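In the two assemblies presented below, chain A is common to both, partnered first by chain B and then by chain C.
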Partner chain A sequence: MSVTAFLTDSTLCIGCKACEVACKEWNQVPADGFDFRALSYDNTGSLGHSTWRHVKFVENGAVPGFGGNASEVFSWGFSSDVCKHCANAGCLEACPTGAIVRTEFGGVYIQPDVCNGCGYCVVCCPFGVVERRPEDGRAFKCTFCYDRQKEGLEPACATACPTESIKFGEIEHLRDTARERVRDLEEKGFDDVNLYDPTDTSVGGIHAFFIVRGDPKTYNLPPKPEVPTTYLKKGWMSAGIAAAAMVAGAFLAFTGSSDR
Partner chain B sequence: MGSSMAENHPVGFQWVVEARERGTKVLHVDPRFSRTSAMADMWVPLRAGSDIVFLGALIHYVLENEKDFREYVVNYTNASILVRDDFRDTEDLDGLFSGWNEDAKMYKTDSWAYKGSPLKDVTNSGKTGGHAKDRGGEKLQENIYEQDLTLQNPRCIYQVLKRHFARYTPELVERTCGVPQDVFLKLARTFCSASGPDKTAAICYAVGWTQHSDGVQIIRAASILQLLLGNIGRPGGGILALRGHASIQGSTDIPTLYDILPGYMPMPLFAEDADNLAAYFNHHKTKTGWWNNFDKYFVSLMKAYYGDAAAKENDFGFTFLPRVTGDHSHQGYWIQMADGNVEGLFVMGQNPAVGGPHSRMERKAMAKLKWLVVRDMVEVETASFWLDSPEVGRGELNPEEIDTEVFLFPAAGHTEKGGCFTNTQRLNQFHEKAVDPPGDARSETWFIYHLGRRLKERARKDQRPRNAGLNALTWDYSTEGANAEPVVEEVLQEINGRTLKDGKLVAGFRDLKADGSTSCGCWIYSGIFPKPDENVARKREPRDFYGHGWGFAWPADRRILYNRASARPDGRPWSERKKLIWWDENKKEWTGFDVPDFTVNKSPDYRPPENAEGDDALGGDKPFIMNAEGLSRLYVPSGLKDGPLPTHYEPLESPIRNPVYPAQQVDPGANRLERPDNQYANSPDERFPYVATTYRLTEHHTAGGMSRYLSHLCELQPEFFCEISPELAKQVGVEHRGWVTIVTARGIVEARAMVTSRMPPIHLNGQTVHQVGLPYHWGYKGLVKGDSANDLLALSEEPNVRIMESKALLCNVFPGRRERGPRALKQLENAMRQPTRRRMVAQ
Partner chain C sequence: MSISPERETRELRLQQIRREAELRATSISKLPSDSHMDARPSNGHGALQDFEPAASASPQTGYYGMPLLKTPAWTWEVPIYFFVGGAAGASAMLASVGKLTGADQRMIRDARWVAAIGAALSPPLLIADLGFPKRFLNMLRVFKVQSPMSVGSWTLVSFSSAAAASAVLSELERRRVLPRIPVLTDVAEIGAALTGLVLATYTGVLVGATAIPVWNAKVSLIPIHFATSGLSTAVSVLELRGHASSALNKIGIGATVVETAIGASLEFGKEPATEPLHHGPTGWTMRVAGLLSGPVPLALRLLSLTSPPRSPRSVKLRKAAAISSIAGSLITRWAWVYAGRASSKDPKVPLQLPGPARPDAEQIPQDK
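Coming up: the complex of A and B.
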């Protein structure tokens, strides 16, 4: 089995939200509530227990004479967010029950029948992807359409995307595609294109890359995502030093007093 | 222009995205910065309803700078033809063309004809609509005219065009559309640079053009522009009418319209066509050009309808057909309904209670019906208007006093039935049933077939003359399955046509005869089912770039219409890059990548003998075979009701007086249908200072019957909102996500405010025009509810096709929610009465 990945190219995204709907239809995820959030055309807010693909709309002000995708100006950006399926996944590391597993496709999968709803994974996700469903407390997120991949099918979102903004495939091949695409856009005069693929952090690489215009932070993509467990060493070390200091202090205190 | 393709046709838009990736420039002209603008290289906002000024200025730019594709224009358009000496342009008559009759409110069109052209004596009562082949009374029928191929004669159409569009300058665009001159010129340069022998440009439009009081003329203006640039009949060119939903194209081809029969043949008129088939043929058959075959297609249709009962002796059953006796368009019959003159109504695939124009009036009109049949997948607003429409809450309707008996039939969804879709590109695709419909839900075919069967049973016992047509109607489809669903392939075979002697399916419309020996349900679809085991619409093996082998594109599986124009007059392609079909001198036939839209062995140097008729009367270099002269029409000599050339008129409600022709504010032929329950604002009007325009969003489907009942779509756009600029929000006193009340001379609705710079104010000559964007998906039923933007519209009629104006009207916006119950009506009355006092801001 090859390791697979998503490449979400927001320069091709038309903001139709077909990915959100296809994901919910295939995975039988319930609606998230009818709230007029009006974050531009976004009313589902963010990724969560019942939104595994989420299209963010970023308005930067319209300039007559330039379309949004003109190289001179960037006016209304759409980008479909998803679980990054980290190589070094915080949620997976934190899960005490073994509910979260790594699949043969490299994806991170929560087994709903094993999850006990402890919520450790929620706080351990550096991207804020995992969330517990209020009804039963269990954690949910993108399954990478594990069931479809097992049958040789592409994930539902990639299948539904009309403009091939969401691409799916073998990870290294897709990474090459992404780099080539960025080069191509730069040649066309887009000097603000970024490939979001943080590799030199503790998440150890992600399985869902993004091509965005402007700062990736605008699309909820943190510049340096870290797995919380990387702080463990530092934490334990601090605790160790503190403990050692206390022991030393106590020792000094006692030895000192016996001297006097 | 006139469409937000990414928003409303996201699946089709993938090809635009792909083209853009290959270097195509995407230009979007629209009042609102939409998802389409976000994918475009250029976005040009303009004032809603100023399209003809914008397009006229593009035409002016082409003519002024001689950017036209001259060889194409001289050979393939009517540019060189002279107009009659008595023709007068709007330039001479202050905004009217010659022939205007003020009492009848219509044109006598004789003076518009070509010089030297013999005219048919066709009187046009103006009753019919304009969807048919000759738009209800074309006088031109022969390719006889005077011309000047040098285009120098001042009476030639090229020169007429130059004079007509002389005032459509970039300066006028700035003053009328609110588009700065430099932005306009940048767009004009970009568009024109993409046309010529080696390049083509396409224009996509949708109801953003059609739903105007001069909608047909907006599209005419686009046609002129594309013809001048040589962008018709060539790959990558064209004017693409993006249809609103599945098989809307199909429902005009095999129509659900009152004024046409299948294949764009006109429905006979009561008075003019009487009961005389010869007179009807005289009206609509032309001596030269393809419509010379009119009688073949018509008689074959009658044979398909009435079988043996259609014979030469009874004019092939011509009298069986219903007649057009008045305005039976949507607006026309709804006015009749409001006046209590309509007894019953079938509503299928429509939800007029919130989807129709002036839906408030339409809901009240339905209360005057005796019976109403609604077929839908859910109980839509139309089926429950008597119980929970706003009018009930406001005391205008009382359920106890409504006599309308409502029958709600559950309908099968598209996956629950087999059949065909015809889409935007005239591509007909057959689809299979995936699952059985639940419970009592049935297909439309089932409903119509069994209704017809039962009606025929009753008619058989009642042989009065009024039932003659019903008794004669052939209605013998086989049925299958437990629900006795009609076999849809049989219907498609009937549409394809047969030779009656042996019952064999015909290969195409060239086999059809006028002597009653063939039958055909719709001549343009002929060839879709040429053999019992060959359903072309079902084919899924594309052989080439143009998709031959996948489905059936009418007519004759041609992917690009008028494709003879893709080659030079001598038959060679205009360029290697843009070649499509060409003349093969060795084989002596037209060949290439598409099915030639031309007689395949008619050589480019063929010249018609004297007195030739039909297709034989057109030379080998005349690509536009449907027209009697074989040329495309920059200027329409007959057939249109509001002029041979597009002229800018203001919308029926406008914030300004017509700056182009001050004496003529609106399209002279447009019908306001004005009455106490269908009032208009003045132009301009202090009470209604803002422009409103309606549209759709990706997340919902039209009036919501197919989306507001699905939670996964409702959550994406849960509430009715209006898009307004930060400037207007400040003026009104509302913040983003706050509530506003929107009022027109017809209705009152409340919406959440979407405050965004994507809906910018327009500046005209120092005057600021604010525009209010209104998606119209909501209603009073479903998982998410909201007021319907369609309550704000007027019932009005464009002169040619009688469509309403929904894309430019006047409104006012107040902060806060509207009043509840009867107080809402009081609020509306107040808004109608009091002029808004602009609050003066003290310095």
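Coming up: the complex of A and C.
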């Protein structure tokens, strides 16, 4: 089986949220409320236990002509966010039950029949994707449409995307497509296009990369995501020192006192 | 691969969603531009937000100041488990070292029971915190050395068994119900001490090796902090049980000296990630915890040295120190969990944003 990936090209996104709707319908994800946050037209807020695709709405300065904007109104940047399916996934490493597994397509999948809702994956995801669903107790996130992929189908979001902003395919092929697209846009005069694919950090690359205009930070994409297992060495070293010091201290106190 | 008719229908539904989106997109783009409303009202709906929203999405604020990370799902059971487990683990170690060095038998017996009671209380606390408690045994499906949660689950199971066995077997021997079986009791005793040491320290690794900035920034410190806190509590519980040996006071003094140093390093070592330790309610919680675990019991313990050992005044002062330490230790665990919650809501550190931790609207530059 080949390793698959998402390429979300926000320069093609029209903010229609078909991906959110398709994801919910296909995966039968519960409603996540219709909360107008008064921040933008975004009413889903962020990825979570019941939001596996999330369209971010970013206002930019007026760019006449771009995306059909009139010169006097600001332009919108839309980007459909999704679980990054990290090559080194914090959630997968942290899961104590083995509920979170790597699928044959390279995706990170939570087996709902194994998860016991310990919540450790929630604090170990450097992208803030996994969340425990309160009314259920277990952790949920994008499954990368594992069921569809097994049947040779594209994930629901990619299938429903009307502008092909969400592309799905073999990972290296898609990386080439992404680089080509960035070059293409640069040739067309867009000098602020970035490919978000943090391969040089401990997450070792992601299986869902993004093309965004401007700084990826605007879209809450962290510049240097780290898989929390990188902190283990320091932590256990400290734990060892603390344990040794406790024993040594107790030993000295007991042997050094006539009154034990 | 062929798919079932039911799947076929669902597949067609996805196509329908796509067409609907296309149609709506074309109709909206024909609207006159003045129908766009200003999407930047001055106030947010407070009830929906537990973060400080920013007026815009930008490289300076992130995505409207919204949290990047998820807030820890852990509830009150977890800090209490950290406290109980830490004290129990340290107590098992005290029983073992005490036995090895010929300490007071009654003190050793009480230390074993403190460990056993803590060992009995810990699993229910952890299970209660699970989202799906019925599946707690799934923790023992696999052993993953790279997951502190997995290591901790196995440690707790081993510790609980060993500490209970150690306490019960020694008691049966003492009451001469059972003949002394050195292999069993010694293995249980040493097992409880070794797993107890892991239990008292791993919780620090558990919170440290996460994506939460304030926790992973202090991953080297938290295991030491938790271990010291556990040791302090174990000694304090034994003192409140009436044990007044000067050896216990020495351990207490050592632990409170370390606690004082840790408190000072947390107070004076400032970095962006540790902001919740300095500001707001989380900062004050940590400070109160630090005072109650460090300088206050240390001063009381040193003062007790001015009276003859086991004199009423000395015992009284040490009991006061013990109460302060136990309260401090409990608040310490709570303060760390609380700080982690605050830290998770602040996108500044994971996004490497400049400026104040909670971006406020005045400081956000206008769109270019």
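Here is the rule we go by: the second predicted complex is superposed on the first by the 221 of 260 C-alpha atoms of A that agree within 3 Å, B and C clash if a C-alpha of one lies under 4 Å from a C-alpha of the other, contacts with A are read in each partner's own complex, and residues count from 1 in each chain.
By our rule, a residue touches a chain if its C-beta (ideal position, glycine included) is under 8 Å from a C-beta of that chain, and two chains touch if they have at least 3 such contacts.
Because the structure is a prediction, the values reported are computed rather than measured.
Contacts of A:25 after superposition: both chain B and chain C are touched. Touch criterion met: A:43 reaches chain B, while chain C stays clear of it.
Once chain A of one complex is fitted onto chain A of the other, the partner contacts of A:12 are limited to chain B, with no touch recorded for chain C. Of the two partners chain B and chain C, more chain A residues are in touch with C. Judged by the touch definition given at the top, the superposed model places A:200 against neither chain B nor chain C. Contact with chain B, but none with chain C, is seen for A:78 once the two complexes are overlaid on the shared chain. Shared-chain residue A:191: touches no atom of chain B or chain C. In the superposed model, A:132 lies in contact with chain C only, and not with chain B. Of the two partner chains placed around the shared chain by superposition, chain B is the only one that A:34 touches, whereas chain C remains out of contact. Touched by chain B in one complex and by chain C in the other are residues 14, 16-18, 21, 25, 35-36, 38, 40-41, 59, 61, 68, 70, 162 of chain A.
Residue ranges of chain A in contact with chain C, taken from their complex: 14, 16-18, 21-22, 25-26, 35-42, 45-46, 48, 56-61, 68, 70, 72-74, 90, 93-99, 114-120, 122-133, 136-139, 151-153, 156, 159-162, 214-215, 217-220, 222-226, 228-229, 231-232, 234-243, 245-247, 249-257, 259-260. If you check the complex, the residues on chain B that touch chain A are 6, 10-11, 13-14, 17-18, 20-21, 26-28, 33, 35, 37-45, 179-180, 182-183, 186, 697-699, 711-719, 721, 736-737, 752, 754, 756-758, 760, 783-784.
Remark: chain C residues 1, 3, 7, 10-11, 13-15, 17-22, 24-25, 29, 33, 36, 39-41, 43-45, 48-49, 53, 56-59, 62-64, 66-70, 72-74, 90, 93-94, 97-98, 100-104, 107, 129-136, 138-139, 141-142, 144, 146-150, 152-153, 197-198, 200-202, 204-212, 215-216, 219-224, 226-228, 231, 245-248, 250-251, 254-255, 309-310, 340, 344, 347, 350-353, 367-368 touch chain A in the complex.
Those residues of chain A that touch chain B in the shared complex are 12, 14-18, 20-21, 24-25, 30-36, 38, 40-41, 43-44, 59, 61-62, 64-70, 75-78, 162-164.
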